[in-house]
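Each of the next two complexes has chain A plus one more chain, namely chain B in the first and chain C in the second.
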Partner chain A sequence: MSQYKNFRPMKGKVSFLLDKKATIVLIVLIIIAGAIFVLSTGMGDMKLSPLAVLKVFFGGGTEMETLVVQSFRLPRIIVALIVGMALAVAGGILQGIIRNPLASPDVLGLTGGASVAVVSFLAFFSDQNNALTVSIKWMPLAAFAGATIIAMLVYFLAWKNGVSPIRIVLIGIGISALMQALTTLMMIMGPIYRASQANIWITGTVYGSSWGNVAILVPWTIIFIVIAFFMVKNINILELGDDIATGVGGHIQRHRFLLLLISTALVGGSVAFAGGIGFVGLMAPHMARRLVGSSFGALLPVSAFIGAILVMLADLIGRTMFSPLEIPAGVFTAGIGAPYFIYLLFKTRSA
Partner chain B sequence: MKTAIETKNLTLSYGDSIIINELDLQIPKGEITVFIGGNGCGKSTILRSIARLLKPKNGAVLLEGNAISKMSTKDVAKQMSILPQSPIAPEGLTVLQLVKQGRYPYQTWLKQWTEKDEEEVTKALKATAIEDLKDRPVDSLSGGQRQRAWIAMTLAQDTDVILLDEPTTYLDMTHQIEILDLLYELNEKEQRTIVMVLHDLNLACRYADNIVAIKDRKIYAQGKPEHIVSCPLVKDVFGMDCQITMDPLFGTPLCIPFGKGRCILKEVVL
Partner chain C sequence: MLLKNNGQRLIGLFIAIFILLLLMCASIVYGYTDTTWRMVLDAFQNNNGSNEHIIIETVRLPRSLIAAAVGGSLAISGVLMQTLTKNPLASPGIFGVNAGAGFAVVLAVTLFSVGNLQAFTWISFLGATVAVIAVYTISSTGREGLTPMKLTLAGAAISAMFASFTQGFLVINEAAFEQVLFWLAGSVEGRKMEILTNVLPYLIIGWLGSLIISSKMNVFSMGEDVAKGLGLNTGFLKIMVAIIVVLLAGGSVAIAGPIGFIGIVIPHVTRSIVGIDHRWLIPFAGILGAILLLVADIMARYIIMPQEVPVGVMTAIIGTPFFIYIARKGFNAR
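Moving on to the complex of A and B:
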């Protein structure tokens, strides 16, 4: 057992097999994520050294520094971190249960459903003077509802004596295309000002995140990520195919439904607060697979931190490189993600 | 003779079309049983339903006398394992990670790698002679090694009954023999009940204690190969004319198909 270490505390009441390499990879990623977190907090119009940032974290620093860090930067960076984790874990789960490397929240239409909900929200609740008739605070809820409804719809349409992975993918792609068409339609029909607002949201941005958002998003995401970790052994067998999973005694339909629900909740939460940040759910689990292989006990946490790093970096570049222009984080994730997606397609074709 | 598996009145269907109608079958305990038959005769379907991969429309499958539909699926998994036809491992999954999944029915949230788990997995790796490959990704292995890894996974499940659907398909001759020898030894040494579908009638005759010949979704004959394999059986079950002789090495029935081809005997005979 060279690569692995047995872990059996409490006289074997608890037992796990630790993958040493994966543990090291995970620790390195956590350190990188932490470094980016601190670095990103220091970057912007008012620059702070990492040391100054740490000082503010621990209650020191000037009043001005504390204000900038606590009120403006921290909430959005925390949202970026959590959204990255949520999307990556959701994507990893979907790839496992659907057994397709191209499965991701975007491909399955979850993000699309949220987008339609948002443009509809902006269109329906605007009056003649283009003012919103209800508070914009409800927009995340609309997005979440959109993602959930589409997840249900895809699941329902894919049902035929249980759902098979390939049916979920095909129906998801179909629904996704339809959602895109609907989004475009709503944007053309609505006022132009709203269209631009909707567009920024659809691309995905953590701009304007508040502590209020953090207070909802963080517990929500953490709860579902924890539940996902408890389901790891079930994802592991689902990934081997329905026959094997049934053969070793798994409840495949129940587990697949639960895991789809967890993914939807994770995507819904992040889409609600950060819009349609694309490709993270696709890329992060893939990169993780390259680093630690396909066992989900290692794959999920590693993906989570890769996702967090990707979104934090995308946001950092977006708000500093073209300052004072704010480029939505989704532009950069798509900028790396789209070529990555093509590379994947190319690879699966030649394999 | 004890019975390991029994089907009673088993009716299977895909949608509305009935594939198997009211099948009664007994599979002896501690022996190797091989299903033979032409393509589409229903042999894989029967095996899959025994393994509960296919829900019967009617009737029951009994495992050691208990209806599997009334047992918890994990309990079934502790008594019976199934290796379906050509399974595919996810990219990058190592042999050890795959074989470990065979322990799924024994795992709980907290106990994911007990000493017993480790012992069974090590035993399975040893039995299939892939200990040296345990850290290699399954998708980087040769066909024969890969199949052994999957068999190791079903062995790690530590069940009395092992079902295998065409375990030798896509393997070259050397690896076919290797896999069948491995299963034969498991049966010899540990008296495990092995039920499999094989395409090669001659290998089936060599390794099986009990052959179930299936024709048109019904059991045509069942028994020891040397008792039931005959020209009329091959003609009826496979639709092929042949001559049955004796395997010069094993003494088991050997089927030589008729047909076209280069006959160099003619010159000698004439």
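Moving on to the complex of A and C:
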């Protein structure tokens, strides 16, 4: 009868509406993501059939297979999955609260801040022989710090009796241009070897992820995504514009701050471990919007899985197609994503 | 708005032009090789072939003219893009200009080992044109034709795609990376006069075109429906804007590589000075863009002498504090 089906469990104490079409889309996406996860685990120098991979997951398989899957492939694929989700959700939230289709983690200077931090890290902690003087393990911390500091700076500069979306985004653009400039400056002035190392990081890669990374990234991201899902109704309200949002009783400044905090946390975590993977934060929410419409209850989970699929697929292609060369995942996210997005633009003529 | 009526604006325009000319001269005089204002005069009146005179004629003069031309073109195309897409974040880059040009250059370097700036000019112009045509066709398919939203999204997607291919090539080929890194940062240094004279006709057509359509852009900025109701052929205007953006932004990227910041920032700055009337906005933006790029270029020579900072970097460093100040004060444009 209608697009929605309602649920009233616990004698109506809790009730919610479920969008039927969105649910189907979401289930399909979860299945695709699962399939890519298994397939990706099986691909590489040592090929495993999907069945063998599943066997390893459930404790079977030979010792060699278990080693390859568990210590080399799983961590990076999990990182790819989580990073994709985090970026897509953060992008979706930002587009909602800023009400601009071009909003993404990049325009707020988050990625830019992280890039500057990483490039300076590589530049300042190298000795004459281009060897790092401190452990590379500190790089994620540097990136995270860079992203957070810049987010705070943008928010602080945009504050003037509260922050308005347009001010945030314009100041964000200014700051991120400045960050880009500083990054380029550091890369040109530093040794070229460092520049190309930094370039790989800026492009974004999940190469060399370890279980240690997974142990930090997964809980961090999941917590903030869950909080984001609980704030969905507030994003929907904020998207109506400040006047209407105030009129229907939203605490716009508080919610805007909280939501910005959530997206900063999500982006900060993912740039720390995977660098500046672009495109996902910008385009995954748009793809989701074309598939399920713009109510954030459906939009956020769908874009999360689109993001996860994009990054996993990009990583899979990056490490298998040009083997033994390893192409950073960030190169292919747009390469795969853009054609699909253009197809969606064609297909849904009016939106 | 700083300048409230047409009289003030006219005076403002003259002052801006005067500053622009002053900066162009300053750009010729100041730099690594010590020259004086007198030497510059001599170089043009009776050139004696000394080192300084040669530098002034073949290095400094083209550089100053190029900075002014590129800065102005980028700012004007930024104004047009922001009005066309109705998005304050839009810049010529959204049309795919920079990404397309960057990809074309990297492709040429890696696959055909092209290495000189002269060749880069035409290759990047071509790349920019192809990207704009792709973005325009993709966003204008469908019943309702070209909408600002579709243009923005298609442009962002295509730019991202080209940029990702560029990154891919650079990651695989480190030698190429070294060669194009400086080009990708954007610079007006080391360009010969011929590069400018080759592209200048296109830029001039673009400048004139943008002035001709400026009054129509005022109507267009009221919204598509209103503009149609007032008898404006919006489809034709959009194509005109696309062509002008190709000429101006494509020409600029061909000369100087991708210089990003000016196209976004100068339109906002200009709007806070002269308001939203495109008949004033476009010429003012052109002059202010030229001024910013000239200042940035002069400063770029002094920061880490004798090396130079890419001017794209410098524009962002100078422009950002200014931009943030204006953003905080509030744009009274909308």
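As a working rule, the second predicted complex is superposed on the first by the 333 of 351 C-alpha atoms of A that agree within 3 Å, B and C clash if a C-alpha of one lies under 4 Å from a C-alpha of the other, contacts with A are read in each partner's own complex, and residues count from 1 in each chain.
Methods note: a residue touches a chain if its C-beta (ideal position, glycine included) is under 8 Å from a C-beta of that chain, and two chains touch if they have at least 3 such contacts.
If you're wondering where the values come from, they're calculated on a predicted model, not measured in any experiment.
Chain B and chain C, once both complexes are superposed via chain A, fit side by side.
Contact comparison for chain A: of chain B and chain C, C touches the greater number of residues. Once the two complexes are laid over each other on the shared chain, residue contacts for A:G250 go to chain B alone; chain C is not touched. Shared-chain residue A:N236: touches chain B; no touch with chain C. After overlaying the two complexes on the shared chain, residue contacts for A:P101 are found with chain B and with chain C alike.
When the two complexes are overlaid on their common chain A, residue A:I149 makes contact with neither chain B nor chain C.
Of the two partner chains placed by the overlay, only chain B lies in contact with A:S295; chain C stays clear of it. By the touch criterion defined above, A:P328 reaches chain C but does not reach chain B. With both structures placed on the common chain, the touch criterion links A:R8 to chain B but leaves chain C unconnected. Residue contacts after overlaying the shared chain place A:L17 against chain B, while chain C stays out of touching range.
After overlaying the two complexes on the shared chain, residue contacts for A:I171 are found with chain C alone; chain B is out of touch.
Smallest inter-chain Cα distance, chain B versus chain C, after superposition on the shared chain: 10 Å. Residue overlap on chain A between its contacts with chain B in one complex and with chain C in the other: 101. The touching residues of chain A, when paired with chain C in their complex, are 100-103, 107, 157-158, 160, 166-167, 169-171, 173-175, 177-178, 180-182, 184-185, 187-189, 192, 195-196, 199-200, 203, 278-279, 282-283, 286, 322, 325, 327-328, 330-335, 337-339, 341-342, 345-346, 349-350. Within the complex formed with chain B, the residues of chain A that make contact are 2-4, 6-8, 12-17, 96, 99, 101, 230, 233, 236-237, 239-244, 246-251, 289-290, 293-295. Per the touch definition, chain B reaches chain A in the complex via residues 48, 51-53, 72-78, 81-84, 87-94, 96-98, 100-102, 104-105, 107, 109-115, 117-118, 135, 137, 153-154, 157. Looking at the complex, you find that chain C touches chain A at residues 87-90, 94, 138-139, 141-144, 149-150, 152-154, 156-158, 160-161, 163-165, 167-168, 170-172, 174, 177-178, 181-182, 185, 260-261, 264-265, 268, 304, 307, 309-310, 312-317, 319-320, 323-324, 327-328, 330-331, 334.
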